[in-house]
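Structure in structure tokens, see below.
Per-chain residue numbering starts at 1, and chain names A, B, C, D, E, F, G, H, I, J, K and L are given in the order in which the chains are listed.
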Amino acid sequence: MSMDHTYKVVELVGSSSEGLQQAIENAVNRAGQTLRGLDWFEVKEIRGNIQEGNIAWYQVKVGIGFRVLDPADLHRE
Amino acid sequence: MSMDHTYKVVELVGSSSEGLQQAIENAVNRAGQTLRGLDWFEVKEIRGNIQEGNIAWYQVKVGIGFRVLDPADLHRE
Amino acid sequence: MSMDHTYKVVELVGSSSEGLQQAIENAVNRAGQTLRGLDWFEVKEIRGNIQEGNIAWYQVKVGIGFRVLDPADLHRE
Amino acid sequence: MSMDHTYKVVELVGSSSEGLQQAIENAVNRAGQTLRGLDWFEVKEIRGNIQEGNIAWYQVKVGIGFRVLDPADLHRE
Amino acid sequence: MSMDHTYKVVELVGSSSEGLQQAIENAVNRAGQTLRGLDWFEVKEIRGNIQEGNIAWYQVKVGIGFRVLDPADLHRE
Amino acid sequence: MSMDHTYKVVELVGSSSEGLQQAIENAVNRAGQTLRGLDWFEVKEIRGNIQEGNIAWYQVKVGIGFRVLDPADLHRE
Amino acid sequence: MSMDHTYKVVELVGSSSEGLQQAIENAVNRAGQTLRGLDWFEVKEIRGNIQEGNIAWYQVKVGIGFRVLDPADLHRE
Amino acid sequence: MSMDHTYKVVELVGSSSEGLQQAIENAVNRAGQTLRGLDWFEVKEIRGNIQEGNIAWYQVKVGIGFRVLDPADLHRE
Amino acid sequence: MSMDHTYKVVELVGSSSEGLQQAIENAVNRAGQTLRGLDWFEVKEIRGNIQEGNIAWYQVKVGIGFRVLDPADLHRE
Amino acid sequence: MSMDHTYKVVELVGSSSEGLQQAIENAVNRAGQTLRGLDWFEVKEIRGNIQEGNIAWYQVKVGIGFRVLDPADLHRE
Amino acid sequence: MSMDHTYKVVELVGSSSEGLQQAIENAVNRAGQTLRGLDWFEVKEIRGNIQEGNIAWYQVKVGIGFRVLDPADLHRE
Amino acid sequence: MSMDHTYKVVELVGSSSEGLQQAIENAVNRAGQTLRGLDWFEVKEIRGNIQEGNIAWYQVKVGIGFRVLDPADLHRE
């Protein structure tokens, strides 16, 4: 039965020179390359890098939750 | 006299599949459909839902302040 | 279409002399008596009242989110 | 029986040109005009507006808790 | 010598339809299936899901600390 | 007259192998053995100890407020 | 030599029907009745009690620091 | 056009032997002696100094926001 | 040698009627008009102003860090 | 049986002109002069005093937990 | 191209009987034994263990960020 | 008269390859090169940079308070 799921939360920092939202999506997409069962994200910190007086990189710390489908998943990400 | 206004703050979560800013605007616009005197908003939490490894919904918790114009407004929103 | 839902979050304090979990459930059940579309809750504060050296009441502050189905719902709870 | 009360917390911002305490009291008094069973308040934020280099308005965000006496109260404030 | 241990903290969300404490224990037990040296836990967030006006699932975010016994353990969980 | 009471808050950590709620109650009961006028508690932190992959002890940090009835009470707890 | 002092911080809740500032001062004055070497205070929480729709009591949680002059002082307050 | 203003926030600690509100006003007034365009303040911390068992000084940390009217203003305060 | 740099952090609020990201960039660009050595930013608060039921201005509080190249820089921004 | 221990946490501020770590140790050592069963500490705040442009004192607020061995211990520290 | 990096943050607790800084360095060094691309750390919590009235172990919780160089790195640490 | 002082707080990030405490002192010393009346500091954030698996720089964000002796001081730091 699917009751009583366990989820794991990993913390990634996505970066993008395009913008805030792209940085979030880069983090989520990167996680999706190797993890199954991604379920939600939560933004924890929005920062960035400035070069020559302009924003060079948005850097967004994101918690990403995914369902632990079997014990082997605990070793992932 | 209009001095000493009172404001009420309601907490809404706007969602959007388009992006972070649209989710904020959806929350504010929804509030504007039934409340008069909306004055300011403050973002409290940025989360979202992931499906098939991509962000399906941005969900942004927003506090929205509006002026209480008469006692009946206290029953609104 | 059902996309781009808006949710409202209300803050209730449930109390119970039986225990912590019952206080949470009392708050949720009370909300469910008059609100449709309850979706999630989040515990914000756990306190209680002591009488004669024993816990008399657990008091738990709970944020309860529900879907705003139509503008009239904004006037509810 | 009166056990297991439920309380609702609403968030108001009271303002006053006279001072900090008056802003709190304005918020509580406004709530008292339409709500029964007010029980406690908690100060969440103290801000204000400056004009011509002087404080024009104190603005205090206050959570106000009141007892939900019957389901209809859930629609109030 | 056993001095100067290093611990790793992983973040899991346990869920349970039975209750708050069972959700915590589900998270810890799941971690115990694949990790050695579990040492402590800390509750970070208590939330849950509501269906038909009743709590369907408690969801508790738990940080779980375990001793890193050898470098290979850094790849676990 | 009984107006303008002063309360003192002490911080205890109750522990229990049985569960979260029992840990809170152990802290409150212990305080009640030597202090008069206990009035309220507030949960500040929920942690615990894991042994052999199972929760061995719940450890809950609790602030406990009691009325200071006379100056000598300031020396208590 | 007076270098390397140690201070202890106790947490009191002062109350007053007159106002916020009086509640702070009541807490400090009460501490001063039995403790030597009071040095500073910090306001941690401003709450209060409402009766008949008016503020009946301001309740302010205050941390009060005092110098530990000799080991016996550690038993005080 | 006056759209897209930028504001700067400075952090001052006002002190007063008279009281909490006077300490806030002292900070704002001091800022107003050299800065144009003061717009709002926000209280960040309320502390104070105790001498001979009585409050000698209220010390309130206040963030003060002012409009940056031209680049030279960035050098102010 | 370039070791042991010191940075200063200033707090600006950028505003924009276009959106959240533009408000951040306005703040950073304004800082760049008069300060050398801008290095990073961190978003601290996202708020905004509502007029006629629509968002009129995004207002984002941003901490901006820049390298202090020589003592005279301490007087800047 | 030794199960279900209760701990008390006291808050001390240790100071030292030598450094941060010495200030922590001074607080713990002072507590150890009159309290039995000290078990853990947690750093809550790192501040200090500056004189003539140099750090004169590190002041570190430390929570110190000790086991309550018998009711009389509740009167200690 | 090296743009748009993703970073992962792991949480370790380093311990040391020598001191606070050594505990931080132990955590970072341990991470460096199995992870490539370590980039930054941030201290989240400073605690420790007391034995016989003296500090036996400093325990510092540290978030450590490292660049995710290829998908396989997501399985590391 | 010296009553009712106003203080200004500036935020600096000191860095050091030697250690945590040296980074704090570098920030304070740098401030002391151009500011009179430095009075206290408070540590807000401890981070650092890692290179080749070792800590290269400690970076500590420090709030530094100094007395505003005359209006011109408001333009300093």
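Points to keep in mind about this one:
Heads up, the rule we're going with is that a contact is a pair of C-beta atoms (placed from the backbone, for glycine too) under 8 Å apart; a residue touches a chain by one contact, two chains touch by 3 or more.
Please read these numbers as outputs of a predicted model, since none were measured by experiment.
Taking I-L and E-F together, the pair of chains sharing more C-beta contacts is I-L. Checking B-C, E-F or I-L against J-K, more than half of the residue-numbered contact pairs recur only at E-F.
Here the CA centre of chain F is 19 Å from the CA centre of chain J. If you average the Cα atoms of chain B and of chain I, the two centres end up 25 Å apart.
The distance from the centre of chain F to the centre of chain H, with each centre set as the mean of the Cα atoms, comes to 39 Å. Annotation for chain E: residues 10-11, 20-21, 31, 33, 75 touch two or more other chains.
Chains touching one another, given as pairs, are A-B, A-E, A-I, A-K, B-C, B-D, B-I, C-D, C-E, C-F, D-G, D-H, E-F, E-K, F-G, F-J, G-H, G-J, H-I, H-L, I-L, J-K, J-L, K-L. For chain F in complex with chain G, the touching residues are 3-11, 63, 65, 68, 71-72, 74-75. Residues of chain J that touch chain K in their complex: 20-21, 24-25, 28-29, 31-33, 38-43, 64. For chain H in complex with chain L, the touching residues are 10-17, 22, 26-27, 30-31, 33-35, 59, 61, 75-77. Within the complex formed with chain G, the chain H residues making contact are 19-21, 45-50, 53-55.
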